[in-house]
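First chain written, first letter: the chains are A, B, C, D, E, F, G and H, and each begins at residue 1.
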Amino acid sequence: MRPEALRELLARVAAGSLSPDAALAALADLPYADLGIAKLDLHRELRSGLPEAVFGEGKRDDDLLAIAQKQLAASGRLLVTRLAPERAAALAARLPGATYDGRARVLTCGPPHEESGARAAVVAAGTSDLGVAEEAAVCLSWFGHTVARRFDVGIAGLHRLLDAVPDLRLAGVIVAVAGMDGALPTLVAGLVAAPVVAVPTSVGYGTGFRGLAALLTMLNACAPGLGVVNIDNGYGAAVLAHRILRTQGRLKAP
Amino acid sequence: MRPEALRELLARVAAGSLSPDAALAALADLPYADLGIAKLDLHRELRSGLPEAVFGEGKRDDDLLAIAQKQLAASGRLLVTRLAPERAAALAARLPGATYDGRARVLTCGPPHEESGARAAVVAAGTSDLGVAEEAAVCLSWFGHTVARRFDVGIAGLHRLLDAVPDLRLAGVIVAVAGMDGALPTLVAGLVAAPVVAVPTSVGYGTGFRGLAALLTMLNACAPGLGVVNIDNGYGAAVLAHRILRTQGRLKAP
Amino acid sequence: MRPEALRELLARVAAGSLSPDAALAALADLPYADLGIAKLDLHRELRSGLPEAVFGEGKRDDDLLAIAQKQLAASGRLLVTRLAPERAAALAARLPGATYDGRARVLTCGPPHEESGARAAVVAAGTSDLGVAEEAAVCLSWFGHTVARRFDVGIAGLHRLLDAVPDLRLAGVIVAVAGMDGALPTLVAGLVAAPVVAVPTSVGYGTGFRGLAALLTMLNACAPGLGVVNIDNGYGAAVLAHRILRTQGRLKAP
Amino acid sequence: MRPEALRELLARVAAGSLSPDAALAALADLPYADLGIAKLDLHRELRSGLPEAVFGEGKRDDDLLAIAQKQLAASGRLLVTRLAPERAAALAARLPGATYDGRARVLTCGPPHEESGARAAVVAAGTSDLGVAEEAAVCLSWFGHTVARRFDVGIAGLHRLLDAVPDLRLAGVIVAVAGMDGALPTLVAGLVAAPVVAVPTSVGYGTGFRGLAALLTMLNACAPGLGVVNIDNGYGAAVLAHRILRTQGRLKAP
Amino acid sequence: MRPEALRELLARVAAGSLSPDAALAALADLPYADLGIAKLDLHRELRSGLPEAVFGEGKRDDDLLAIAQKQLAASGRLLVTRLAPERAAALAARLPGATYDGRARVLTCGPPHEESGARAAVVAAGTSDLGVAEEAAVCLSWFGHTVARRFDVGIAGLHRLLDAVPDLRLAGVIVAVAGMDGALPTLVAGLVAAPVVAVPTSVGYGTGFRGLAALLTMLNACAPGLGVVNIDNGYGAAVLAHRILRTQGRLKAP
Amino acid sequence: MRPEALRELLARVAAGSLSPDAALAALADLPYADLGIAKLDLHRELRSGLPEAVFGEGKRDDDLLAIAQKQLAASGRLLVTRLAPERAAALAARLPGATYDGRARVLTCGPPHEESGARAAVVAAGTSDLGVAEEAAVCLSWFGHTVARRFDVGIAGLHRLLDAVPDLRLAGVIVAVAGMDGALPTLVAGLVAAPVVAVPTSVGYGTGFRGLAALLTMLNACAPGLGVVNIDNGYGAAVLAHRILRTQGRLKAP
Amino acid sequence: MRPEALRELLARVAAGSLSPDAALAALADLPYADLGIAKLDLHRELRSGLPEAVFGEGKRDDDLLAIAQKQLAASGRLLVTRLAPERAAALAARLPGATYDGRARVLTCGPPHEESGARAAVVAAGTSDLGVAEEAAVCLSWFGHTVARRFDVGIAGLHRLLDAVPDLRLAGVIVAVAGMDGALPTLVAGLVAAPVVAVPTSVGYGTGFRGLAALLTMLNACAPGLGVVNIDNGYGAAVLAHRILRTQGRLKAP
Amino acid sequence: MRPEALRELLARVAAGSLSPDAALAALADLPYADLGIAKLDLHRELRSGLPEAVFGEGKRDDDLLAIAQKQLAASGRLLVTRLAPERAAALAARLPGATYDGRARVLTCGPPHEESGARAAVVAAGTSDLGVAEEAAVCLSWFGHTVARRFDVGIAGLHRLLDAVPDLRLAGVIVAVAGMDGALPTLVAGLVAAPVVAVPTSVGYGTGFRGLAALLTMLNACAPGLGVVNIDNGYGAAVLAHRILRTQGRLKAP
């Protein structure tokens, strides 16, 4: 409840136009947190420009459709992540205008967010990391940012990464995706000044432990300046990158 | 080697004031790969304004002193992290003008970086997390940023965090430090729009597994928008936050 | 039963001052092994009102049917948990009157337990947690309790949980179900006074490690007052909640 | 803020004895979220009768003293847990009337909570588990409950536990403490109808992994009806047991 | 090379019917280590009466058939373990006289080992553990021992185990099989004097971690006197039990 | 004892065909709880000849002394394991006739168990494993068995082990102790027919993970016939070996 | 950029035949790292004779084909590893002259590398390890080396390995492949002087943890002289062996 | 038993100067394996030139001295690894001519091995890794090889490593030592053709898990051609490198 609203209510009590009991009811009835926290929530949407995404795994088909439709109706946009190809067609058929990216496993519906003019780069170590990298890239594009893709620049072919460095320096944030030894983000963080969002992938086998090895490499990076997200979490990387890009310039305002 | 310096060198060769051999020596003195890569490195310093920090653990006393002195001589500044109190006095005695913060376990020497005008917030869940939180805060101050501290705002006392929200919204980046269940950064990421740098601490016992539980909580945060650093890595959080703050506005330039 | 007491009892039978039947009753009432332990078991059933549930996984179809029929015959009721939908139809066809809840994966047969008048609440963080939450809720209803469901109240949408708080305060026990970061039970325990039964779910991916991250969060909860059960163990949560509700009032008896 | 206090404040505004601005100030003085959430917090204290306990580890001596004094001043009572004997004397010397239990490593100050009339039992598997068991027992006594202790009743000496069963059946809740194989709580849950709070301890060696083996045993208990807390967390077990005992009877109220 | 064969060879050299060089060749032809170690190996077969078993998993169909046939030809007996039902029929069809036990997943061919007169007991905690328990029981029977089966005697129904104790006391070794909390072998070891072979099974879910919880329970058993084998390793348990039974009496020989 | 049997017995007492004393004897011989379980326990002592050992770690000095004295008084013998040298002198001073073995960290008091005539072998891989190996050997000697020690026969010096094989074949059971790669027990099990008790030790570093690597090696032994005990658990190995030796011959009795 | 090239460029500037700006452009235009590092990369190919292999898992069919064709066109040879049989036929059909080894899961195309005259040995513990062993052997043959295979020489049948020792001594490097307890490489390293490349396999079950047990055994080998590669990584073992064989003799050059 | 000795024995049997029974006794009496395997062992020493090293940890002082003296007497040389400085002085005082390297924690006694003419390189990522790196370097020098040290060339300062590449190319083997993210060996393997021995160190904190993160990085290296040893195992790396260097050229012999 905003202070002005509260002041007005109290004034009405003082003026006798509202009884103490009615005021009490109004205050008690307004689930205090509800009022306040829901407002916070609206703030969050207004400021970040991001309605909640729908996680496409582990939901029953009917639940997923209902949630997607509700989300689309509420915000005019829909972003479904980790949506398996075999489920995508059926869902898209029920959502007019939906677009599905099979490599990124991302479904979007409605108009993309307006262009921000900001620039992100997404780098990936190997071909097998492309799914996760594209999830990040597709989401960042959907959020309105320009995305430079530089894939297959893993540490075993160092020159390919070094070639990409000038391009990476133009980006306000770099999403670095790698499985197996997960060394790429560290290397990137040592070569550029932008913040690096590190995404381990489950690519690999044996002691890769489905991404754990890559994750630990990133958390123990000798070069500081990177933040790590969950294994295979391209979407989470995109949201963090979006927040970084979005707040750029905000604090410079008078 | 900066472009201007190279241009000047070449001009002197063209003008005859520098022989090709002398120029070669100057260039050759920078070993081949070194030429390029060293340049990168200077770029890195110029752009991020951060000379390398010295990690105070696991080094012998004589090694630590030698490295600290060399770093100080080279860049005019020195930042030593994770320096145990019992070793700090002896080191500081050999480094005129050094300052040691016992809670943050950070030693600095030389002038702080110039003020950036940017604002960071550091929040911590409990009193036992203060050491790590202060490591981040002291470093961020040293890097030239304004730092708002909000400690003891853990999830068990929700109102204390909610009280802090308006203040947190003024920050361009938020460093959230928590041990035990590590839920604070998730909560913060759900309440503000700024990027959140999540720092798990080794505070706790039993199944806390020296910070592993907190780390996993942060990596699996329901609220996207946070990047995680290593357990107890206050310095790493500060560098990532610095990169985020520093690049703010850069891309808005014409 | 001590030897002396037993000797005395036998002497009374020999002396005719105690009939064999009365002695039998006395003995049946006491010894706690053979007899004794079986009796304990009857005590357990009588007091908790809960015949043993049948775990539906890892059993062959013929074993499962035989056990279910025997259980039903013995106690007049049957509760099968973790029964996959593809096996449920065949089993139900052999058990007249059986009911199967596909979301909870629970099959029941026979009359529900009589109403207790007690009230439990089941809260769940996300839509993907519904299966486990429903397992708990369906079992609690089957045990005779009133169950208030509050789903999709995860930490990322704090106001939704805060809205539910007044309702949660009416419950004698709260079952809180969450996957991913598993922060919901901690939050609930900080907001209400009732005991909280925390259920981690295997919902998530990567470092969620099939529920391990959520489990650790709950075990390290900053807010005390919660007890944790196995990952995805909605049934176990229901039994613990049932015990808590059931003993309410028992100790107040004269 | 309690409803009665709010009603009174509004009545004073209606009666003209308090100006709207003064009322606003009084309300505003409680920061917005604070208003609601602080109220919750007071509710929590009023209902559970438990001011926050102070965790004695990982805090600097001066921090610990300051927090203890503040807590004592605020609530009239103080409970410090996991306080090492070597630190206890110094702290107690600064807190008039403080009592320290060396085995439980618990310091209390101020009057115990009023007697509840409820009864808890604390059982422990071995002599080495006594510290944790006493932490639970001392806290439960401090919370006002009658505590029956039954120690050294581990699974290797089954008859000792069976002997204790009649006594355990009198308790509204049972706290079962065990290290090594951690089988005791399972056994207890199979023998009594009361809810069981299971506490793994770090007692053991090798594959005990500092309590992990015991923890896993408890989480996988064949006998349902127990809730698990963190390794060595006697205090947490006591709070959960307190909540269970405390809510007993509450729901029977008209 | 058996001693008699060596003695005969030397006799032929002494008798001049074999030249030293021919004898040398014969001996040299048996690679030195082979001579000795192959003898050891024969000793092993003679003494333990157990030809090598064939592990049925992870082999290609053609490899499995070839190995089975060779083993059968060499020793006149064949024991294949962990043979999936869907592969068993095809294999059995190529091995005249083969018998397949679907629950134990064991295929045998040729005559069983002669009766030892020794007695083993196999106990299992739950119905889902039957496959592993039967693997042990079927193998022990195949090895010639009398096997008493006592299944479904888990810790949650203590009286069922106690009922079985007199019977268990007749056995020279007890194989105790349990998943989930894995407490059964500990309990058995506390009740009988015979050595206990503990077999954790992968039965359970969540923090059972496919048998790890049960394994740790057994390794940390409060009651000494048990030895643990790999998860689900019914065959290994049977071989250890066989060795224990077989050496009984051997050392009493003059 | 089934109710019918009990009823019949009581009827016979009432009819005078069975005296109360005879009935008492029959019942005392049977009930297996209170009575029953305590009797079981006596059976256990009588049959295994092993009073409970006292675990020397994690107990306070006064607790340890009290338990040791009580145990000594009760059984006339005392065995304390894992007793640190710095605590042993003080304890021994209070226990007349106590003997302490510093390498095995074992204290004994009272007469050793009578000689069994059975023979055990204890083998150890390296010098650093001697402490654990001696714990097993000293306990086995204390239990009355002849113990052959063969230390420093690790897999890297294969001939040393092969040399020992003839000697190992004389033993009814072999305790094989190894840290680091833990391969010794597997090798032994492949060379002899006796049951092998495998004891991993915490000797090693890095990925030895304090004995975990050795433990896993033993659990996954290619050669069947071994049972594994907890890391560093020399005492547990000795009890298992004792049970194996002790039951040898028992089943051959008429 | 080689020194001579740089000297020439500077000479042209001094001679006026190249303007400073043109020289600057040449230097700036030569992506320093690109030029230099790409050259390094060519060095790597020239010296090791190994074009990059294609990892066959986790790539989409179209990606795999494109990469394979490009690789074949670039180097005239193609090596695809971990290619599942069900995908191999389709790929081979598009690559004229391709050969697929179903056991090794390796596809090659183009002429093998020229014969080196060097000799490697590949030993494997069991039949189930053959796939990984053949991956190593097929690759080593493809690299031009003579390969001696000795399979099924696991630690349980010691004499089979000892038989093979003379043969193993002829090899310049030994690749030792083992699952389950993983003891084979240690044993080999204790018997021969050549470097041993140890390959753990995921063969086994339960506590084998998909190769982790074998890996730890190898890393903790008592016998030094072995280097470990990832679980199931036959290809990596082959490349390391190739490097060892290839550099043999190189340093003896004048 | 050498062929000549066997031939002579057989000749004596043929000549009648030795009875078949005496020959049998001689053959049987010579513990075949003993004779043979000990010979192997001598072969091992002769061929690798490396007497066994003494592991300095976990041994009692008197054991360590006895073993060291025996080893020195037997082979004329002594190498003790992982010897803590506080124990080194006392040991050295008893071993005339001993040399102790405090950083490497290595004690040597007797003449170094003769110079091999081969060249190894040891690279280390950071200053804190020097102890392990020096252990490898000191051992390699002791084994007679020329050692080039390149320390502090971690991935965060890429140019320092690239500078060292030409030097690394002269080495027949490269030992690469790194803690934290452990990326250095991968990088090295991508830049040179020699085999790389990767040594993870326990340097780091938090999720470094005492070297586990570095180990996993190395095992999952994208660039093939490296073999990994145990964490902190500088000595093991040196022995593997020695084997590689030593066998270089051996196979080229006629």
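Here, a contact is a pair of C-beta atoms (placed from the backbone, for glycine too) under 8 Å apart; a residue touches a chain by one contact, two chains touch by 3 or more.
Bear in mind the structure is a predicted one, so any value in this text is a computation, not a measurement.
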item	value
Pair joined by the larger number of C-beta contacts - A-H, E-G	A-H
Candidate from D-E, B-G or E-G with the same interface as B-H, over half of contact pairs in common	E-G
Between subunit F and subunit A, distance of the C-alpha-averaged centres to the nearest whole Å	58
Chain centre separation in whole Å, for subunit G relative to subunit C (CA means)	56
Subunit B and subunit D: spacing of chain centres that average the CA atoms, whole Å	39
In subunit H, residues with contacts to at least two other chains	33, 36-37, 40, 126, 156-158, 162, 165, 190-191, 206-208, 212, 215, 219-221, 230-231
Complex interface listing, subunit F residues touching subunit G	125-126, 154-158, 180-183, 186-187, 189-191, 204, 206-209, 212-214, 216-223
Residues of subunit G defined as touching subunit B within the complex	1-3, 6-7, 10-11, 13-14, 16, 19-21, 23-24, 27-28, 32-33, 36-37
Interface residues, subunit C side, partner subunit E - complex	33-34, 36-38, 40-41, 52, 55, 57-60, 63, 67, 82, 200, 202, 210-212, 215, 230-233
Interface residues, subunit A side, partner subunit B - complex	36, 40, 43-44, 47-48, 53, 117-119, 165, 172-173, 190-198, 215, 219-221, 224-231, 235-236, 239-240, 242-252
Subunit D residues within the subunit F interface of the complex	103, 126-128, 130, 156-159, 162-163, 203, 205-208
